[in-house]
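Both complexes shown next keep chain A, but they swap its partner, so chain B is in the first and chain C is in the second.
Presenting the complex of A and B:
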């Protein structure tokens, strides 16, 4: 066997990578377009730090649901966990003291488990279930908070400046993403979730306890959302909004879909969501500093969502799509 | 021979009959109980003024819910109903001064256009209906925000306002609009071939295809019908309200969905209908008004509606033939 030619090896690796992750091309295109149009605004250290900060929020929300999307379901409850968890921290601080921050991961775990049980055992479509739960949580948040955003002080150590110029929340994100990718790529759980997503009936016939692993997927997703919410909570100044904003729900979904995870399940995963979230953040920042009317941004986000879903679900056959 | 005759004439036990018809009886009983409870707490509900208030609150809601019922009957979901309702209402308030009553066909045309896009995305491009309509709803919201620039707009055209607030026989005319449309939808669902095919697709899409139903065509038609009714609800809502901004109709999608499932239309598709949604809308509107009366704010209402949506969704789903859900 000949040793491969060094000069041909590197281009072939690049071509292979782009074939697997076509979103890289879009990311490069966005960066080139925005930095050539607005060189004095886009390529500043302030803007790059802002991109990183927004990327963190998006990524921490999207990492849990991208595990559930692999199984073909949807989990929209992340914003609910963040809002209700944040307000419970404020509510329980006088009782539990500093430990009250642990309420958010516990709430995430419990919510994920509840979602999984209801979805797997009662056969309720996951998007409607998690959407209803999201609305219930936002209603509880508004009721507990009394309609006013509450700020909790004392958790500054979570996002204290560690390396100058890089948001500490970003440093927290790295191990979380690595754990998520490890679960999906190197453990039995991940392999089973991919097989459930690509063919649920086949997975059942192959002896996988489908209900158990679906519940597990939702629970892991809830836990990741809970841990992420702790960081987002402090990242955004120790308070949560008390009114549900649809954009916070939709942006992580756009990041997941843009990264190339199919909604029908069976492929993709957290490693693709990184690229999707980065591309989406660059686009949003670019649109904000561009000359476009700010009210146009939502329109463009919606179009991007539709286009990326259509591209992502090309080749899907059959009549059972609901 | 005798034995089979015996079996045929044997009357069903009360428990069997109840189990068979629980999804019909349940909402009726729930509606009566809820109306009774709130009547005991505050007797003003079933007086003339109370009825008028409730009619205003439920009429446009009923029209939009009828459209959503068809989609859920087919086993799909339409997230964009509220956004299309909002866009249609905003088009009315923005252009009624320039176009007069011609604004109504314009708003309906725009709504139907977005319904067509929903249908194409779902039926032809095989995007799951929830995600397709979510994407369309974001676009529609964006258009609404762009057109209205976030300001509050007021309707000054009296003819447009008179569409819904003229009193006929003691009730505002929007009541007759809503009841008429609910009746037409019920007839469409029950006696026309279109309705029967929608039920068939909801019950078993593969079976429907094998028996010769053009699945894609009917899916597109149903989404167009749903968006048309949402647009009509938006027009009437704006005529009744007399003004609004892009904020109107916020948080309406879960009550809308809850009213469809509370009436007994199952998420798994194939059962239910607009006549059931009438009951569900009565239940939801009554709870909303009652909770307002008892001093609960919007947050608590959302908790209750979300809980109704989850509980009724679980209760009505037919789990016998379903192998898996996504």
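Presenting the complex of A and C:
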């Protein structure tokens, strides 16, 4: 390969990056549109902090499932883990004291493992499986909570102000994302998960224990959702809703797909979800500022999900694994 | 010239096609098809055969070139439907059959609109026409059968009949002669099935013309009237087999431009690598309905071929050893340790049994670069010592070594595999196993569907790997492959071993 001269190097890097992450263009477009339409509202420090806060929620929910999506499956149980985990903290606090917060990651781990076992061994489609589990968990949540949202106090230290102006939850997100990317890119587990999503039969023939790694993918996803839920739980004031909100389920999915991870598996991953989540948050904030009717926002989100899946699946060959 | 001018059905002249303005897929290619003849097109993968065929059926449009239909100049077809209207249809190599449809449903698939009466299908009329056309072409099958119930060769025949039917239904004139393109029609068939299919095609010649795309030279020599040889997008040679005497070697040189490996490797050399040490003992292995009482010893550095027709149990045996199937009776001893019947492939791999299947795309991760495709079975080699983290530099070096060894044509090791030619894809997927070097390597059709040049490269590397003391078991459709690679050949029929002979004897028997 020839070394391009210095003047051409920077534009070529930019073009290369945009080819791999076309969502950057959409992100820039959204920022430009919203800041020129509503300059006095969009580019305020308050709004930017809000974007960051919502990005955190979205990202923490999406990071686990984007690992599962790489294998060609789907994991929707994150909201269930968050809701049931949150209410269990309230339920167990009198017994376990401060340690009861640990119940969320444990629940996540167990749920992921359960999902993986049933999906891999009973060959149940992961979408139906995790959706059912989500419904079961939200039902359990409502039962335990008695139908009223409960608030738990005493975990303020998790999101205590660390650097002024930047939500502490955001700071928590950074190591979580780095660990997820590290697993997917730099370890054997990652390369095996990509191989399963890309060509399951081929992975089996290459001597990979496909069932084991599928279970592992769900377990890792569950654990990430569990850890993320701890932060989201405190991020939102130490309480969880007791009624399932479809938006919280769909938004992370949009973030994953918008980032360029294909639902058929084999490419993408957590690193792409960062951009997807950021773009999506900017869009949502922009739409909220615009005083659009909330139902209209839902419509746009639905359309966006369909369009990005269609665009993504048409461009299968153009999407690089990196 | 005996042939009258009006015998020519269609002719293309000076066709060129480039992709992305760089790759010359076709360069000034001309081809003519006359009435009632079979024209062969041969060449390596990547020589431009498929591109030429796709231009003929209207999938691609050429950069320049002319199209003559019965002497008149007309533009190239814009899409497959237009090509069908001109009488040209194609039968693809694979995936052309819809297994869950009945024969007559499949025959009319896509042409049902000709049989609609008050928005419902006139099934009786369809069935009658289906029977007629199958009779015309001597295809023996019941139209009420499902496609998957038919033998592979009959499925191919039905596909060909469907292509001709499509031409007739779509064309307005009655006297249309169909030109049917057969894109490697014999790839999934055994030798007997091939013979059967060719008998039928020769029969059909009365009613249609064929373009026969293949890289199996003996077939082409036997069944075609004229042959075009493509290499690197150029028309290298044109033989009229009824007039000239052409040998297999002539073809080989024209296609590849060099001598074949069989003449380089002498049998005596192969023998030297075999040692006394036994790595695999198979004793009375039985799975009812597949194979019975299979016993043999595999020594270090030895290659055993299992020879027999499809359905004889040869692939079941190799799949059993690979761990893809279980067995019912008998024992399997790997390096002195008896293994359980139901072990999955990944456990067998830890015992040193690697399995490679040449079936197209089965093993390859198409959206991955070459580096990852190779490291997938060699991860342990590229992990760092202290923390289990991938070492990308080592990964790249490993891939570069294999690319060089197998002479894979690629701009870089980071090129994604879907962009490679068929032969290079195969080389990548078999190359990862050579790098892994398991004690026992099972090869199922290692060179299926690839051209002679790539075959030679794979044979050469296989023999080199064998020299290192790797044992192999081979099954294949090509008798030549056995004579090049194997020390011993087991003949198998109806799931039972008939006889075991050495390479010398095998050569004599096959050439007889």
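Structural remarks
One rule holds for everything that comes next: the second predicted complex is superposed on the first by the 309 of 322 C-alpha atoms of A that agree within 3 Å, B and C clash if a C-alpha of one lies under 4 Å from a C-alpha of the other, contacts with A are read in each partner's own complex, and residues count from 1 in each chain.
Note that in this section contacts are C-beta pairs under 8 Å (C-beta built on N, C-alpha and C of every residue); 3 or more make two chains touch, one makes a residue touch a chain.
Remember, predicted model here, so these are calculated numbers, not experimental data.
Contact with neither chain B nor chain C is seen for A:69 once the two complexes are overlaid on the shared chain. Touch criterion not met for A:27: it reaches neither chain B nor chain C. In the overlay built on the shared chain, the residue A:201 is in contact with chain B and with chain C.
In the superposed pair of complexes, A:136 makes contact with chain B only, with no contact to chain C. Of the two partner chains placed around the shared chain by superposition, neither chain B nor chain C is touched by A:220. Touch criterion not met for A:283: it reaches neither chain B nor chain C. In the superposition on chain A, contact of A:127 is made with chain B only, not with chain C.
Between chain B and chain C, B contacts the larger number of chain A residues. Residues 201, 316-317, 319-321 of chain A lie in contact with chain B in one complex and with chain C in the other. Interface of chain C with chain A (complex): residues 344-346, 348-350, 354-357, 361-369, 372, 375-377, 379, 383, 388-390, 412, 416, 418, 432.
Within the complex, the chain A residues that touch chain C are 1, 186-188, 191-192, 194-195, 198-199, 201-209, 266-267, 316-317, 319-321.
Remark: chain B residues 75-77, 121-122, 125-132, 134-143, 145-146, 149-150, 205-206, 209, 215, 251, 254, 257, 267-269, 297-307, 309-310, 313-314, 317, 319, 322-326 touch chain A in the complex. Only residues 72-74, 118-119, 122-129, 131-133, 135-136, 138-143, 147, 200-201, 210, 244, 246, 250, 253, 257, 263-265, 293, 295-303, 305-306, 309-310, 313-314, 316-322 of chain A touch chain B when the two sit together in their complex.
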